[in-house]
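What follows are several structures.
What follows is a pair of complexes built around chain A, which joins chain B in one and chain C in the other.
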Partner chain A sequence: MSAATSGVPSLRARPARHGVQPKHGVKPKHGDKPQKWGNPGVYFIALLFISVSVGPVLYIILGGFRTNSQITVSPAGLPNPWVFSNYIGVLKSVTFWGEFANSVIVGVATTAGVVVLGVMVSFALARYEFRLKGATYSLFAAGLMFPLVVAITPLFIIVKDLGLIDSLTGIIIPQIAFGLPTTVIILTPFLRAIPKDIEEAAAIDGTSRLGFFFRMAIPLALPGVITVAILAFIASWNNYILPLYVLNSQANYTLPLGVQQFSSEYSQDTARVLAFTSLSMMPALIFFGFFQRRIVGGLTGAVKG
Partner chain B sequence: MASIRFEKAQRWYPGADAPAVPGIDLEIRDGEFMVLVGPSGCGKSTTLRMLAGLEAVNEGKIFIGDRDITALPPKDRDIAMVFQNYALYPHMSVEDNMAFALKIAKVPAQQRKQRVREAAEMLGLTEYLQRKPKALSGGQRQRVAMGRAIVRSPQVFCMDEPLSNLDAKMRVQTRTDIAKLQSDLGTTTVYVTHDQVEAMTMGDRVAVMNVGELQQVDTPLRLYDHPDNLFVAGFIGSPQMNLMKAVAVDGKAKIGDYLVPVDPASQRKMSGKVTVGVRPEAWRLTSDGGEGLPITVTLVEDLGADSFIYGTSEVEGTPSTVIVRVSERGRIHKGDVIHVTTDPRNVHVFDTNSGERLSD
Partner chain C sequence: MSHTLGTAALGRGRRGAPQIGDAVDAASPTPRPRKRRGRGRLRLEIALLTAPAIIVFVGLVIFPVALAAYYGFYQWQGYGPPTDWVGLGNYKIIFTDPAFQQALEHNGLIVVLSLVIQGPLAIGLALLLNQKIRGRALIRVLIFVPYVISEVIVGTGFSLMLQVTGAVNDALHNIGLGFLATDWLANPSIALWTLMGIITWKYIGFAVILMLAGLQSIPDELSEAARIDGASYWQVQRHITLPLLGPTIRIWAFLSIIGSLQLFDLVYIIWGQYISGVAGTSTMATYMALNGRLAGNYGYGSAVAVVMFLISLIVALCYQRFVLHRDLRGAVTQGVS
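What follows is the complex of A and B.
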């Protein structure tokens, strides 16, 4: 990005700097001096967007290191002195860790379900010929347009009829169902892109259809599988509305509910609420930070031959 | 090692109006290098894929040795295949690619390694064993694909245009490598190509196919010297044989005023419209003009060792292109009118309607 935008000004700047130029000097020479800085306008816009998205997060994290009086006196100030008691208090609380554990259980179970079922569905859609294949795919695609929030009331009734109210299973199963459309949409092209030749070569080499699935399809679609796994985990981690409806007792709360509960319980103690909030969003952030390159790689798709 | 026998093997793709291969009868001897050649869509790949088990055989049977393999899945046929795009497994190293079939067959690791190493040595791949296919050149990938076939020591090699994705220079070299490898290993090989030069240079025998039917199965030289029909005559040889329409009158074939010398067999058999075929190198320039087929030169291609002269001649009222190979250069120029003739043994006479060969 920066190299592309910087090309234009440097073209004009060069003859002025060097005086009379031989004809070939007008062309930008690659590699003779790498451009370190891009157009300031681009930086300005980028910074604007970064501050809009990072600002609140930083405010929450830094706010946790301050006292309530510090926050009241100067809402936008930096911690002075740095206070660790808020974070330590949260980290020592049983409630936080209980809710953390619930979130992990729900997240891991949802991710596992979404990935296993999603890969299987996508494989069938991508590499088998059967009647109503197009219709099935469209059905999953339609699921994208149907957010969980819209369906929450009927969903609640179903979960209740199943007797899953106030249990983590009651969150996991609907989350898997609502996670499948994205997974199928992302994975199907991945699995379809595996050349037919490779399947035939594997068949001649002695693999069965299932063997091809495990030995070829899964390893080759791995970037896509990782991507959908991360997306499913983060969606589960951040899900608020479904736990809100399904879970009643605090022992079963996931973190988003816990944050809500905590902030109403300690509404006076803003600093503590900020500390709790920042700790509860940390895992998802760290997770995303570690894997964001893989996610982007996974979304661009295609199996490299 | 084994022979292969197609018995009226038919492949009809679902939804197609006509079978891709209506029923092929072909015997391939043990250890033979058989090339299937023909224009695209002639059914040569389908035939190979039926043998490999990648296409179902709708009718008829295929045997490898004495085994009827018609209904067997590919893995039970004891064959190995080299694909046009090589179909290497992108996520595996060269070594794993080559060892994959053995691994599936549960060959012990020690033996697996040994066989991969031997194959790699044979193909000059030893130093690349740990690389992924992505990090190899086209020629190296091609050799890995060969290696994958070799390590299994199968009864039959199936090769589906394995050289098409190589550049011209690599192709010539790999062509000889494959031919040599095959004769060293002595494994029965079925090789599909659309390139008649590959067919001529590599095959022990060549099967020429067109629209799903075998046209002629013979040694390369026999195909060249004795094409059974018009299709084979036009397909084999580059530049192609001059095929000219002629009229048979009283045991003589006439192109305009030129009387084509023909052998006694065709003299007896031909009547009405015939097509006369003469290879470019079979023409002889007649020293004094007037005798032979008159040709107006439109292009001279000097290739160094010899030259090809492209010219037009009035054949049955319509100008048609005639190609002549001459060994001396610089004597004939564009616009010249030359006269050529040939000998009866170099003339192939075909029935224009049926396409069948009339000469001996």
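What follows is the complex of A and C.
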């Protein structure tokens, strides 16, 4: 969730930037130093940092290509020879694909719910005037402060009272609720940034306000909507505590629970556990790989305007 | 809800978009009823747009916290309505339980250490990466990878690597630092630092990206002007960049503090339900899971949730009041104007 919160600083930064922009022309050029490569020390530290960041991930991925005896003899070694049976075994298992499917269902439904409800309420907050508007916005903004963990015990009781224990719906609905604050905080400024002229032009052409919402606002705010959707999906994919409380039977497990279950069930078979773990993080990594421009660029670029 | 929202909405139909109203009035032979219907429609639109989100949010985020406050006064196993009123009994137990005090202490340490370790590191790395170097985009993506991976996978991976016979100790032996090899997870005097290491690894990328975003919002002209006036690189960073990065640092610190107070997944997965207390890494959230749900004592678990909530709330309010008051003006409190 916290990734999205950076919407808060970025919102404030935007006007400041524009205020300074006109001075841009007077940029002094002292181009005697080649800017191409720069200081080798910088690369060294960056490389060190990256290897620490990526090392454990590589350990998990490569560990799946080893045998248990390889791992026992040389825990930090590389695969020699490469073994594919662990990955193949996991890819053939019904358990993995069942949990994979559950995670996909929960992720897609959560994302859809967060986006639909979030866009609706953000649109009202961005483009309508009503007395409780400020209060409504503050309500969602305050929600940022209290993640799922604090509310999990009573939330579990509510889910139980709704009869949704051990069902995927019991995860989806609370996840939508807890995904709304970041969504509203990010989307409201996006929707507000659409110039009034466009809305008025659309109105003159006979488009109603809701018509404007569907035909103009959503397409124009699409970058924001996509960012929000990605964050919601990754948060759902990685959620642990809610499925831990709500789901009982293994048939309903999502991947995080599956990983934990698998690693305690096959605790002697480290290579297989690593293969299972590595495969279950792939979707999030691939997803991130595809949309990294939006996530990382969105966080840094939002400020640039 | 819709009613209160709707009555407040009256103003806009006329003032907000005069052209629309004028156009309609001109075209229609009976402007007044038309306008009134427009207002009703406006109310309806606002209600339809906001109600679903508000209902879901209030029902599943706000209501549970209120419910926890209620259940916290009962000894209750989670079946049927609670009947065994114990007043403040649960809270007395919480605050006299050494296990909770330890958990609270660990949370406090994690809050402080996260700020002290990650803050300077993230600022330093962001300054480094903000220079014009090749492959900057790739570096940014790679340092963000740990943040995208789930806590469960991080926990599973690290608990395998950090075993006594695991990859970390093996790697230390291989590079001649074998004397550093130790029992990273079970040794109570080390476990908390191991946890801090893992937390730093997992969340530093987010801090760096946030700082980078902050740095890029600082116009180059300022530091260039200072440099023309003869300021050194470090003087520029110290007297221009850092103060201007202040709002970003303060927002990050806020997120970090709240996150540290809620820490659950990593501890629960690496140290399990029962060992975390012994290893010295238990947190309020793991204490809540252990003594609430696993013990089948939902009244007590709710009381722990209330304590966590109040601690987070007090910290958040104090932080906003004393640290963020300048930055947040207009961002959260008056975000819609």
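Here is the rule we use: the second predicted complex is superposed on the first by the 259 of 305 C-alpha atoms of A that agree within 3 Å, B and C clash if a C-alpha of one lies under 4 Å from a C-alpha of the other, contacts with A are read in each partner's own complex, and residues count from 1 in each chain.
The rule is short, and it goes like this: a residue touches a chain if its C-beta (ideal position, glycine included) is under 8 Å from a C-beta of that chain, and two chains touch if they have at least 3 such contacts.
All values reported here derive from a predicted model rather than from experimental measurement.
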In the superposed arrangement, does A:42 touch chain B (first), chain C (second), both or neither?
-> second
Can A:95 be said to touch chain B (first), chain C (second), both, or neither?
-> neither
Please indicate which partner A:50 is in contact with in the superposed arrangement: first for chain B, second for chain C, both, or neither.
-> second
Touching A:178, do we find chain B (first), chain C (second), both, or neither?
-> second
Does chain B (first) or chain C (second) touch A:59, or do both, or does neither?
-> second
Looking at the overlay, does A:280 come into contact with chain B only (first), chain C only (second), both, or neither?
-> second
Touching A:154, do we find chain B (first), chain C (second), both, or neither?
-> second
In the overlay, work out which of chain B or chain C sits against more residues of chain A.
-> C
Could you look at A:121 and tell me whether it touches chain B, chain C, both or neither (first, second, both, neither)?
-> second
Please work out whether A:67 is in contact with chain B alone, chain C alone, both, or neither, and reply first, second, both or neither.
-> neither
Shared chain A contacts, counted only where both chain B and chain C touch the same residue = 200, 203-204, 303-304
Which residues of chain A touch chain C in the complex?
-> 2-3, 5-6, 8-13, 16-17, 20, 23-24, 26-28, 35-39, 42-43, 45-46, 49-50, 52-54, 56-57, 59-60, 63, 72, 74-77, 117-118, 120-121, 123-126, 128-134, 136-141, 143, 145-147, 149-158, 160, 173-174, 176-178, 180-181, 184-185, 188, 196, 199-200, 203-204, 209-210, 234, 237-241, 245, 256-257, 259-260, 263, 270, 273-274, 277, 280-281, 284-285, 288, 292, 295-296, 299-300, 302-304
Touching chain B in the complex, chain A uses residues 195, 197-198, 200-207, 211, 216, 219-220, 222, 303-305
Touching chain A in the complex: which residues of chain C?
-> 4-9, 11-12, 16-17, 19-20, 23, 42, 45-46, 48-50, 52-54, 56-65, 67-68, 71, 78, 125, 128-129, 131-134, 139-154, 156-158, 160-161, 165-171, 174, 201, 204-206, 209-210, 212-214, 216-217, 219-221, 224, 228, 247-248, 251, 255, 258-259, 262, 264-265, 269, 285, 288-289, 292-293, 298, 301-302, 304-305, 308-309, 312-313, 316, 327-328, 330-337
If you look only at chain B, which of its residues touch chain A in the complex?
-> 52-54, 73-75, 79-81, 83-91, 100-101, 104-105, 133-134, 148, 152
